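The two complexes that follow have subunit A in common; it is paired with subunit B in the first and with subunit C in the second.
Entry: the complex of A and B
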């Protein structure tokens, strides 16, 4: 079995750590224990820690500059742990110091995608050097979904799939995130939305410490309901039923005469037909639709109301769940 | 049976075929007239006007004759799909005339059957014809008197029999619409073959068949509704049946049927004769030169099967074993050719062999690099095998030619471009596909997809205004005592336990789903399955009637019909809840946890509810 590489993305956007259910220092204590556990599990295990800050996604660990200045030794702590802990916290403090305290600090979304992409790049570099690691990414998020980030997140997911990277996601507090659910589902990772925030470490160790290779024999908890909805490209809304360009697979919330991405023109007849087929009164219940670019097996959630089957024959394909509830009946 | 019923009606034919030959013949002991036209073989009872038996040429499968000199001159025609066929006895008064008449029929029919076998599509076509009423029946709503007026055969030129007669589409559509609305119309097909195709589709797809049984046979939805949207299945089936079947590749090798006291008996059928003539033209030549002047037909075949010629024609090494049994035969030995075992085949292949597929080319090729003369592939090392090999080759060539049909040799030789040798090995598949880079996705306004802020600012402004400085200070301050927190880290017991329980339950649930056995009794399970598939079908029909058609296949339904269908389906769908409730009760009686049934059928219920809500909220369609 190969050693594991774990990339951790810490969502540290100050706007969301303002009066949090779990204070930042406690959160860090849990995380550090978990990170120590990871590097202690096997001497060969490697680790990279990224922070998602407003507009920036710096690498916290390993710190290229910190090597020349070893941290003060603590007789009670195993030196590698000590080094890891002090580097991570020092880098966080340093990054927070360099933030400019203006409006953008609160309005700018945390660069979760940036951190995710950097983590993937880091893994890719490791893969180039030695192909002897099992990589995975753990995202510890506290911010809500940013529907504008849908496309980059999906692209990161596809890159992860290609690199065979498992993405685990943990929403420590705040609302459920659709995109991280999808990221975990599509890459075979697990997604958790914590109910007992103060027992973070318990979750981390049970769910995210075992590497994917071990999860084949050791089941880890995950959420079995996944929201498969996608965000449209035109208004960045999360849609129940979308209309997919047959050429470039862009998703739109309404039929459009010209695809805004690839400039494909659609026949007027198709538009009329699709407009006629739109549900006239869609109840505002949560429902699911699969993002069409994701070539994954359908796994409709149990609570999902089924929609009319997409009219796939035209130039548009409707991005809805299937009307044929094929999976039921086998669920006893 | 439908054929005869339909056939007797078929006097409505307007175009009358040419008569090839006629003869007095009885069938089933009834005197009558046997006629062979250029499309059909038909028999009319004396005193009647319409033929009682009418067999299309393409239906004839094989032919049997009574022995020469037998008391009765009989001819049996068996049909494709009907081995028994029809028996005719030729009744013309001096028997030789009857025999001569039969010979004429035999000759013609043998040729026809031969054609049927080679033109392979005959099988499929005949099958469809078997069940297809002559289309004129549907088309011409002529009064009966008018029909009988044209019933006596006159000679009008007729299109070739193999081509299905052109169908007057207007009247057909009218008739179909009048009886059943909206059967999916497939071009070039008609109701009966449609029916047959549907039956085949249902038989090859048991699940669909079960659904059909549940819904159509119980009369819940009509046949037409059921197939609406499934036209492609029928089209696929029709296409599969339309596949051509080639000529069988067997060598003609008559086997002795019974051996009694050293006598060999070979049953000669007209078909066999045809095959032999086809395979060995020399026998045909011998036949035409000697029968009936020098030899009677019976003598001819008797001598042939004893001759050396026959033994040469046998497709195995057995021929050498029987060599000494064979008698000298002055007539047949004339036709005997020398064994084809010279180095060069007797019939030289006049084709120019492509250099790159010429096996003999290794002989002279690349002398400088030292290609040795090929000693492993010398023809004629084993002389006895040569005639056999060449016979197989000729046979294969004949087969290929029959498959190619009548193609001019110029067209057939497509490899020969008259270009240089290199162009022949320059295969297109080996070229690098650099030309096709795929369609380049030209993203417009690329920046838009990467930047993550367009409308996100609006949502957050409603939140209480925070001081960025204070927030940042707070965060920094929070970070200060991480070290003490780390050393004093302690998880609250209660929340830790809750987390543990929650996660364990999550895993256990998934494990349960995997290991739990299905203990629902078969009967109930079947009921549940059929309830679900039926509801699915109703839903499918409903949405099909509600949404505009994809426009691939033309539907004949008018908006009003569609609305009516949607309403009907909604009627069925609204009963889904009752049905499920009944199943839940049944489950209770069986001692099964009713919740499980409910859970299993929940998606169906949700889908039904969705359809119902949609139907309620729908605006009335503009008519």
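Entry: the complex of A and C
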């Protein structure tokens, strides 16, 4: 078995971490324990952590300028954990400090796609460097879907499929994201929308820690309803019914005479027929997720654990007070 | 000497191989294990020796405060994985990590220590006290010299084993190592000279990682007999495996037993000390990779020569080209290859019936030869599918079968039946019991196995008595 490579994308959008249901320091404490758990499983396991900030997606770990002195050894901490924790916390603090207090930048959407793409590039580089790893990406998102990001996200999904990378997605709080659901579904990953943020660590460990081989033994939550809606290329709206160019497969929210992507002209008859067939009263708010036959779990046994998930975490939450993971060095 | 595990290809993850060390731990008392689990470093190292499913089960339960009923946990298990899951639970039960099978909850000592290992903190100091830089002016030893030291020590041991009995006089390892080799049955003393045994030959063909654990296991058995505190010994070995390569550690916080171990481990090449009396030590790569499961091996194919992963090319005409100048590797190859030429960086030989038969009489099995060739195959060979020429593999196996043409079974020969009817009657009875190994109707005799003798004898006696009365 090859060692696992886990790339984690942390969505640190300041706009959404302003008054969150889960304080950022608690969130990071949970994340650090989860990252340690990944390294704990095998010494050869590797890790890359990216932050998605407004307009940029810096690599947090491994530290790109690794010239820093290694932290002094502590007899009570396993050295790799200590290095990981101190680098990640220091780099996040650095990145957050360097945010300009410019209002327009702070509210700008975070570069989730940028981080995702960087993670894929990083994995590609690992593959080129002959080191054989089983790669995985975990996206921890707090922002809602950004419909302008539809095409880049789909492109990332296709490259992930090509690289055989599983994308897991976890919406820690905030509304469900359609695109991450699709990313997880199309790459064979798992998508979770947390309801109980205080049990974040338990969710992370049970659903996202096991590599794909283990997921064949111990099930992870799968989605039985996936929102497969796409965003149109013309107005970047998420559409219920779209019109697809028969030549280049671009999606439009209304019939167009000329495809804006490939410049194909459509016959006027077709346009008229399509316009006639459109439902007149298109609801402004599209109905919620459509269950799709492809998304229903194939095995009945995979269905059951889904309903068990809140049970385990519920117990965790009840007694959670004494089980707060305390990670050294996470001072915020 | 634990039995040799057949080499399975790295992709074969379906049947996880149990670490050779776990059976030893299972044989320890609950008390010993619980004391061992008090140290976070021991928990972390042990965790890494477990199979992936076992690790995930521990992780799932680690941060839960309440007890989970097995039925709840079972709903997570997919049907195809049921057996793996049950085996994992059993292993964890033996190790007293999951003490109770009715309620799934981790051993509380293990739970708190392992949580501490993951989050840091505490005052156990179980990951080793680093030596402070002020005490000594000398520069700490660099990683290359540490590797060379470990490699030299380790190869001295193996080279001594492989060349015993060939009349050469290689450097002798220390007295402690010799004693351990003898105690473990890898070498035996004959006419006052240590000779390698068949277990020793098999040992030589194992990958270095297995060899190291084998030797450490023997060391633990020895420690048990010497009335050393096993918890201290195990704790020290586990601590070494979590230490950082190239860093110096202080001996100050070590217990008495552990200080005594320093000398032994220095002999095996696991740790380095400037002077025997030095108050600081550095673990070598042999020690720090102990708990890693994959083979970035400390001693693999010699740091000095050739590519790290493999050096052997085997052709369909039974020719072996080994790109090595390492005397140990040459000596190991010599166990089953008849060597022809030697160049500064290349040894050429061929696998012949005689050379394989010699290896077989030494107690090496055909599978071990094949697995050695696979493990050390040159990267060029790895493009082939199958990796080794099938003809050579088959032929080596056939040569092994040649030795097994005769099979001996103990039993009784029944002859001199009075009549054909008599003979057939008894024979039918024996056949019903399924104890007939051979029969010859013309000579009116048959051969029955040992187990069936009492029954057949009773049957014949009852018959003759019935006939005479």
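Note that the second predicted complex is superposed on the first by the 273 of 332 C-alpha atoms of A that agree within 3 Å, B and C clash if a C-alpha of one lies under 4 Å from a C-alpha of the other, contacts with A are read in each partner's own complex, and residues count from 1 in each chain.
One rule holds in what follows: a contact is a pair of C-beta atoms (placed from the backbone, for glycine too) under 8 Å apart; a residue touches a chain by one contact, two chains touch by 3 or more.
What you see is a predicted model; the values in this text were computed from it and never measured.
Using the contact criterion defined above for the overlaid structures, shared-chain residue A:97 touches subunit B, although it does not reach subunit C. Of the two partner chains placed around the shared chain by superposition, subunit C is the only one that A:41 touches, whereas subunit B remains out of contact. When the two complexes are overlaid on their common chain A, residue A:148 makes contact with subunit B while staying clear of subunit C. Judged by the touch definition given at the top, the superposed model places A:107 against subunit B, while subunit C stays out of reach. Once chain A of one complex is fitted onto chain A of the other, the partner contacts of A:79 are limited to subunit C, with no touch recorded for subunit B.
Of the two partner chains, both subunit B and subunit C are touched by A:206. Looking at the shared chain after the overlay, A:65 reaches neither subunit B nor subunit C. Considering which of subunit B and subunit C touches more of subunit A, the answer is B.
Subunit A residues in contact with subunit B (one complex) as well as with subunit C (other complex) are 33, 76, 85, 201-202, 206, 219, 302, 304-305, 308, 311, 323, 325, 327-329. Against subunit A, in their complex, subunit C makes its touches with residues 10-11, 13, 40-41, 44, 47-48, 52-53, 55-57, 59-60, 62-66, 68, 72, 75-81, 84-85, 115-130, 242-244, 247, 253, 289, 291-294, 296. Considering their complex, residues 439, 441-445, 449-457, 460, 466, 468-469, 471-472, 474-476, 478-483, 485-487, 489, 491-492, 495-496, 498-500, 502-504, 506-507, 509-511, 513, 516, 518, 520, 528-529, 532, 536, 539-540, 543, 546-548, 550-552, 596-597, 599-604, 606-607, 609-610, 613-614, 617-619 of subunit B touch subunit A.
By the touch rule above, subunit A contacts subunit C in their complex via residues 1-3, 33, 36-37, 40-44, 72-79, 81-82, 85, 201-202, 205-206, 209-211, 213-214, 216-219, 299, 301-302, 304-305, 308, 311-312, 315-316, 318-320, 322-323, 325-329.
Here subunit A touches subunit B in the complex through residues 12, 14-15, 17-18, 23-26, 28-30, 32-33, 76, 85, 89, 92-93, 96-97, 99, 101-103, 105-109, 113, 146-149, 151-152, 194-199, 201-203, 206-207, 219-224, 233, 235-236, 247-248, 260-263, 269, 273, 276-277, 279-281, 283, 300, 302, 304-309, 311, 313-314, 323-325, 327-329, 331-332, going by the rule given at the top.
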